C-alpha cells in the first residue's frame, strides 16, 4: 500500500501548538507511507486539490489527513479521495485539533502526540478494505406519530407533496395541547380558530389515513421499509356508524368521570366526544368509568344511539402497515406539580395549573369561559401566577427552562384582565424569557397596559387563611419578603417529554436524553433527523418549543421525509458487520445480542451459520465483540484494525 | 518514539463515536486544557469494545486504559453500552487476579455535550495513572525483546 | 456395585434407540479410566463409573450435533451439558442423560504426591474402592489412601453432586458437599500482593508450551478449529514464545468463558505442566455469581449474563467521577 | 453606595466558603426561594439570597460583617427549598464560623448567647438554662432578658437553679480546650493521617473493596 | 407485646424547660414496650451554638455521647429532641468522611469503633411500634379535641439527612393524634420556623414567627397546638404571653404529643405532666368533652334512625318473601349497623 499523509495547519488552530512539519517528517518514516506533507487548510479547495494531485502524482492507494475531528470533515475528505479515484473508505483521519492542539499548549508534547495519532491512523489504514454500498427499493409512505400541531403540520405537508401518510394519535381526537388552549400569544388570537381548519384538512385529505385512539405497537425493518403495527384501541363505538350526534354523551349516567380533555376542571361522562371541534368527531367510551363495562349494568348509550354504533364487546385491533419513513411528534406532558407540597397543588382546590386555567378561560370549556374559583365558584379578584413550577429545578431533575411558560403566563394575565376588568394579577418570576418576534413587547404590554404586577422572586409557601390563599414570597429586587392575599393561584407548570416517549423511542430505536426528549442527529446541523435513518422529529418531543417553532419543525421533518421518499432506491452504509461463514460455529450469540435483529440464522450445507441482513445492520459492532472466534467482524472497525491501533501505541 | 521524556505515561482511550468522542471534541472546542498522555481509539460503540482490547493494551505496555461510552439509556445503538457495562465491570474486577492494579482501568459515560466532564475525567484518570506510576511490563519472547530494542 | 449394574442396564436400554452412549471404561492403567463410546452390549460390559470417572463427556457433544446421543454424567458434567444447551450449542432433545450420584473423582497428581518416594503412579497394579478409601497395590505392598485426600479440588466444593437435569437417575441423590462455594482457593491466592500475583503468573506461564490441551479439554470451547489463537483474521495472538503471549492466550480463554465456565476443571487437569489455569476462570465465575447471581449450567432457560443486561444494574457500583 | 470594582473581586473568599461548606455557591441563580421562605428575613440587613450573591461576588467584608449571618435560625427551610440543592443553611453556618475566626460579630447578642451556651457546657458538661441566661445577661448587659418568663417556670420547678453536672465534665471541657488549641486543624490532622496510614492505601489489591465502614448506619445502606 | 430496647438521649432541656416532655416520653415508651437505656453520663450535644462555632466541635460533643453509649453496648439511640437529633445525626453523617472523623477524634481522643444510629422518639413510635399498637393502648380517646400538629423545622429537614416523613407536609404526628381519637386539622404552617434559639438574642422574632403560627391555629379553631420540640414548645407556650402582648388574640395550650398520648393511654397526672405547661390545657379538655358529648348524641341519633330504617326494610322483606328465610339472617354476624342494614336492604 502507498499511503499519503497530510498534516493540516488549520491556519494557526493546529500549527499554533503543533509543529506540523515535524509531524509530517515523522510520518514519512512510518510503514507504507509513501508521501507526507503539511498543508495550510486541508479542507479548503486548494487543500483538497493538493490531496488529489498528490494521490495522482505519488500513486497513493490510501490517505491519512491529520486535522480536525472526523465528526466534522470525514465526509468531506472521503469525497475528496473519491474524486481522485480511490474508494472512499481508503481514508483515515487523525484528530490533532480537538484532541491535541486545542487542549494543551506544550508544543513538544502536542507534536509527539500528533505524530502518534498519525501513526495509529496509518496503521489502521494499512488494513482498510474498499467498501461499496448496496441499494434497495423504498416504500413511499410516511408514518406520523402524534396528532398535535407539529404532527398535523408534518402530515399535511407530506400529504400535499403526494406522499401517503398514516397519522396515529393516542387520544380520541387530534389537536394535542394546542386544542386545549383558549388563545395564543403574542397575538391573542383564538387557538381553535387557527387549529380547527387544519384539523379538518387532516380529516378530508385523500392522502391521509387517520388512526385516532391508537398507538404504535411495534416497529421493525429499516429506513425505506419499516414494518409498523398500530394498536387501534377499543372505543366501544363503531366509528363507521357513529355520526357524532352526541346524544349518548347527553344521556350517559356516569357523570362523575375524569375529564381528560378539560384537565379535570369539572366532571364529564363515560362516553365522550372530547370537544365540539374534535377530529374525528366520534364518541368513545372510557372503560374505567363506564357502568356497563365495569359493573355490568347500564347500557343507556346503546339504547339511545340512533345508528346502533355502540359495541361493548369491541376489542383492540392491530393494523399492519409498511412505511418508508417515520416522523415522531409525540409532544409533551406537564411536570407533576403536586410534588411541590409548599404550593398545595392538589390539596387546595383554588391552586390550579396553567392548563386548567386555560380550560377555565376557554368559551368551550367547562365554565363556559367564566373564571370561577373551583372551591366556591366565586369570581377571583386577586390572581397570583407562579412561574417556573417544575422548570429550572435541578433538585427534581428538571434543570431546563420549559421555554413557553413566561409567554403563556403573560397571555393569561392579559386574559384575566379581559375577563375580570377589576382584577389584579401578580406574577412571580425568576427571569422573563421572551425571545421571539413580538414576544418581549408582549411581556411589556402586560405590565404597562394591563398593570400586572411582576415580582422578581419565588414563592415559598401558599396556604389557606379564611377564604383567601396567602402567598408568601420574595421580591429579590427590593430584597424583602412579600405576601399576597390571593383568590386564585395559577401554577405555570413546566413541561417534560410525554410520559410514554421513552417506550416509543425504544420501539423506534432512537435515543433520548435524560429527560426523555428525543435526540436529534446533530444539535445544529441535523435538528429534525435522528441517528436512526428514516426517523425524523417534530415538535416538543425533541425539546420544548412553542407553537410557531413546532409548526416549523413539523414542516422541516416533512421536508426531510419528502426528500428521503422522493428517491426510488436507497444506498446502505457499508460499515456493517460481515460473517466469515467458515469460521462461524452457528452458536447464535451474535443473534442474541444484536439490538437491531440484523443477524439471522441460515443453513449452510446442513450447518447453522449467522448471516447479516445488510440493510438492517447499523454497524455498532456489538456482535463483533461478542463472537468468541471473531467470525463476525465489523467492516472498517475489524478486530485487526483496532488491534493495529493498539499495537501502534504499545509497541513504541 | 518512547513516551515523551518520561513526562507522559501511556494511556489508551477507547471512545464511542457518538457520545464520548463527541464529548472529547466538545472539550476541545471549549479549549478545556487536558493532560497530553491520552491517545484515543475511536470505535462506533462501547459495545464494540472487546475486553480483550483492554487486556491486550495493558499487557502490551499501556499504563492505563480508559473506556467511555454514552450514558446508559443514551446509547446511539440503544443497547450497546448496557452490554459494555457488564463486560467492563467484570474485567475491572478481574485485573487484580493478574496482579494489575484495577485503577489502571476505568470506564465511564460521557455524552457529546459534556465537554467539561470529559476534561475532568481525563484529568482525574491521568492523575490516577501518574499516581500509580509506570506499569511493570510483562516478559516478551526473547527475540522480540531484541527487535524492540532495535526499533527504539 | 449395584449402582454400576443399574447404570449398565440403563445404558443398554438407551442403546435400543440411541446409537451411541458416552461414558467411561477401564483405562490403560489402574488409576485412570478413559472415555468410552458404547454402541453395543459388549461395549457396555466395559463401562465403569465412580471414583475414576474423571473425564467430562460433555466435551464430545458439539461434534455429535444432529445425532441423538446419550451421556452418563456426573453432576459437574451435567452443568457443562446444561450450559451448552443454554447457549443453544446442543439441543436438549437430541440428548439423553443418565445421571448417578457422584462422590468425587480422583486427582492422579495427588496420588502421585502421596506415593512420592514409594513408587510412580504408573507402577500401581490395582485399585480397589473400599467405602471412603481406596487401596492401591504397589510394588511395595498395599497403600490405603482416603478418597478425600486424593479427590480433585473441585469435589471438595461440589454443590451439585447429582445430575439434576438427567433424564434418568440411578441411585439415591447425595447431599451437596457444600451449600455455597466460598472461593476459598481464590481468597488464599489473593493473600498475595499485586506484585506477587504478577510474579506468580510470570513464573507459572513460563512453563507453558502452548499445547492448547487446556482448550481442547474444555467442553465449552466450541470454536475448536476456529480458535482465535491460531488465526490471522482476526490476529489476536502472535506466535512469539514469551510469557506475555502465553498469558494472553489464557486471558482469551478466560474471558471467552466468563459467565459460561461451570468449573469442571478439565482445563487444569489436562495441562501437562500443571499451570493452575482454572484460577483465572474461577475469578470470573465468582464475580458473575456475585454480580448477576448466575451460575453457569444450572438453569438452561436463563440467558447467560454477558448476553443480556438490565437497565439498572444494582450490583454494579459505578465509580463517580 | 460604594462602587464595587469587579476586577478586584476576591475569589479566594468564594473558594474558602465553598471548600468549608462543601457547597457549590456558583450554582445559585438567584431565584429568591431562600429569601421567600426565610423566617428571620425581617430582621436581616441582607436577605439570604443576597448573601449568596455577595459570596459569589467575593464580597468578604460585607458578608462577614453582616447581621444576617448571625440572625439565621438554622431552620433549614432555605436548604429544603433550594432548587439547586445548595445547603444554604450550611453556607450561612460556614459564614458565621468564618466571621467568628475573623473576630467579626455583626450581632453582639448572638455571640454572647453562643459564648454563654458553650461556657455553660464547658462548666457542667450539659447546658444549664438558668446558668446560660445568667451568663448571657452578664455578657450583654441585658439584665432584664426574659425575666418576664421567670414566674412561669420557676414555681413549677421546671428550671433548676443549680446545674446538672456530669462526671465527665472535665472530658467535655478538654474537648473545648483542645479545640481552642487547634488540635482539630485540618492540615495537622491530614498530615498525621498520612504519616500513620500511608502504606495501607495503595497496596490493597481489591482497590475499592477495603474502604472503611461509615459511622452512620443509614449512610451505609 | 414484644419489648424493644433502645439507647436514650434525653437532651439538656429535658432536665429543665421540657420536663413535661421528658416525663411523658418515658411514660409512653414504658407503655409501648420500649425499654429506654439512658446513655450514662451523657453530655450536651452542643445545640445550635456549637455548630455556629465549628462543625468539628459540634460533632465532637456528639461523638462523646456515642462513645459513652458504645461503652455500655448502646449503638441504637433515640431522642425526643429534634435539635439534639439533628446534631447527633449530622455528626454521624460528617464523620463518614475520614478526615472529618479524624479531626473529631483529635478533640475527643475517643475514636468510635462501631456504627451508630440515632432516631427520634416519634419516628420509632410511628415506624417501629406502629400506629395499630398505639391505637390498641388508647383508653381515653381524645374524641372531640381539635388539634393541629406543629413539627418545626428540624424534625424532617434537611430531607436528605433526616429521611423521615415529608419535609413539606409531614404527617407522623397527625397520624398519631388521629389514632388517639383527636380531630386533626390540616395545618398549613406545620413546618414554619418559630424562631428557634433566636428568641433569646432576637426577641422580636417570637411574636412575628410563633405569633403567626398560633394565630392561624386559633383562627382555624384548634383547641391545642401539639408539638414535638422543646424549643418550639418554649417559643409557642412559654413565650405566648410575649406574642399576646404583640397582638395575638388567642390563648392556646401547647402540649407535647407524648403528653396527649399519656393522657389517652389513661396514665397518671405525674405522667402527663400537664401542670408544667405555661398555658393551661384544661379549657381545651373542656371543649373536647363538650364536643365529644355532641358527637355521641349525634351518633346515637343516627343509630336510632338507622335501626328504624333497618327494621322497616326487614319488615318489608318479610312481607314480600314470607315463608322463605331472609338472606339477612344468614349473613355472618353483621359487623356494624350499616352492614346489616345494607344486607337487609339487599334482601328486599
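The chains carry the letters A, B, C, D and E, assigned in the order they are written, with residues numbered from 1 in each.
Just so it is clear, contacts are C-beta pairs under 8 Å (C-beta built on N, C-alpha and C of every residue); 3 or more make two chains touch, one makes a residue touch a chain.
The structure presented is a predicted model; accordingly, all values stated were derived computationally and were not measured.
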Neighbouring chains common to chain A and chain E, by label: D
By count of C-beta pairs in contact, the leading pair of chains: D-E
Chain whose Cα centroid lies at the greatest distance from that of chain E: C
Label of the chain whose CA centroid is most distant from the centroid of chain D: C
Chain centre separation (chain B, chain E; CA means) in Å: 56
Centre distance in Å when chain C and chain E are each reduced to the mean of their C-alpha atoms: 64
Chain A-chain C separation of Cα centroids, rounded to whole Å: 52
Distance from chain D to chain A - Cα centre to Cα centre, in angstrom: 47
Per-residue overlap in chain D, given as positions that touch at least 2 other chains: 42, 77, 205-206, 208
Contacts with two or more other chains, residues of chain C listed in rising order: 190, 194, 197, 236, 306, 319
Residue numbers of chain A (touch at least two other chains): 342, 461, 593, 626, 639, 643
Chain A contact footprint on chain E (complex, rising order): 166, 168-169, 186, 188-189, 192, 216, 219
Residue numbers on chain D that touch chain E, as the complex places them: 39-40, 42-43, 71, 73-77, 79-80, 87, 89, 93, 96-97, 100, 107, 109-110, 112-114, 117-118, 121, 125-130, 133, 136, 145-146, 148-149, 152-153, 156-160, 164, 166-169, 171-172, 175-176, 178-179, 183-186, 188-190, 192-193, 212-220
Partner chain E, residues of chain A touching it in the complex: 340-342, 344, 347, 461, 463-466
Touching residues (chain side chain A, partner chain C) in the complex: 580, 582-585, 587-589, 592-593, 606, 626, 628-631, 633, 638-640, 643
Chain D contact footprint on chain E (complex, rising order): 12-13, 15-17, 19, 41-44, 46-57, 60-61, 64, 68, 76, 89, 92-93, 95-96, 98-99, 101-104, 106-109, 112, 115-117, 152-154, 157-159, 163, 167-168, 191-198, 200-205, 208-209, 238-239, 241-242, 275-276, 278
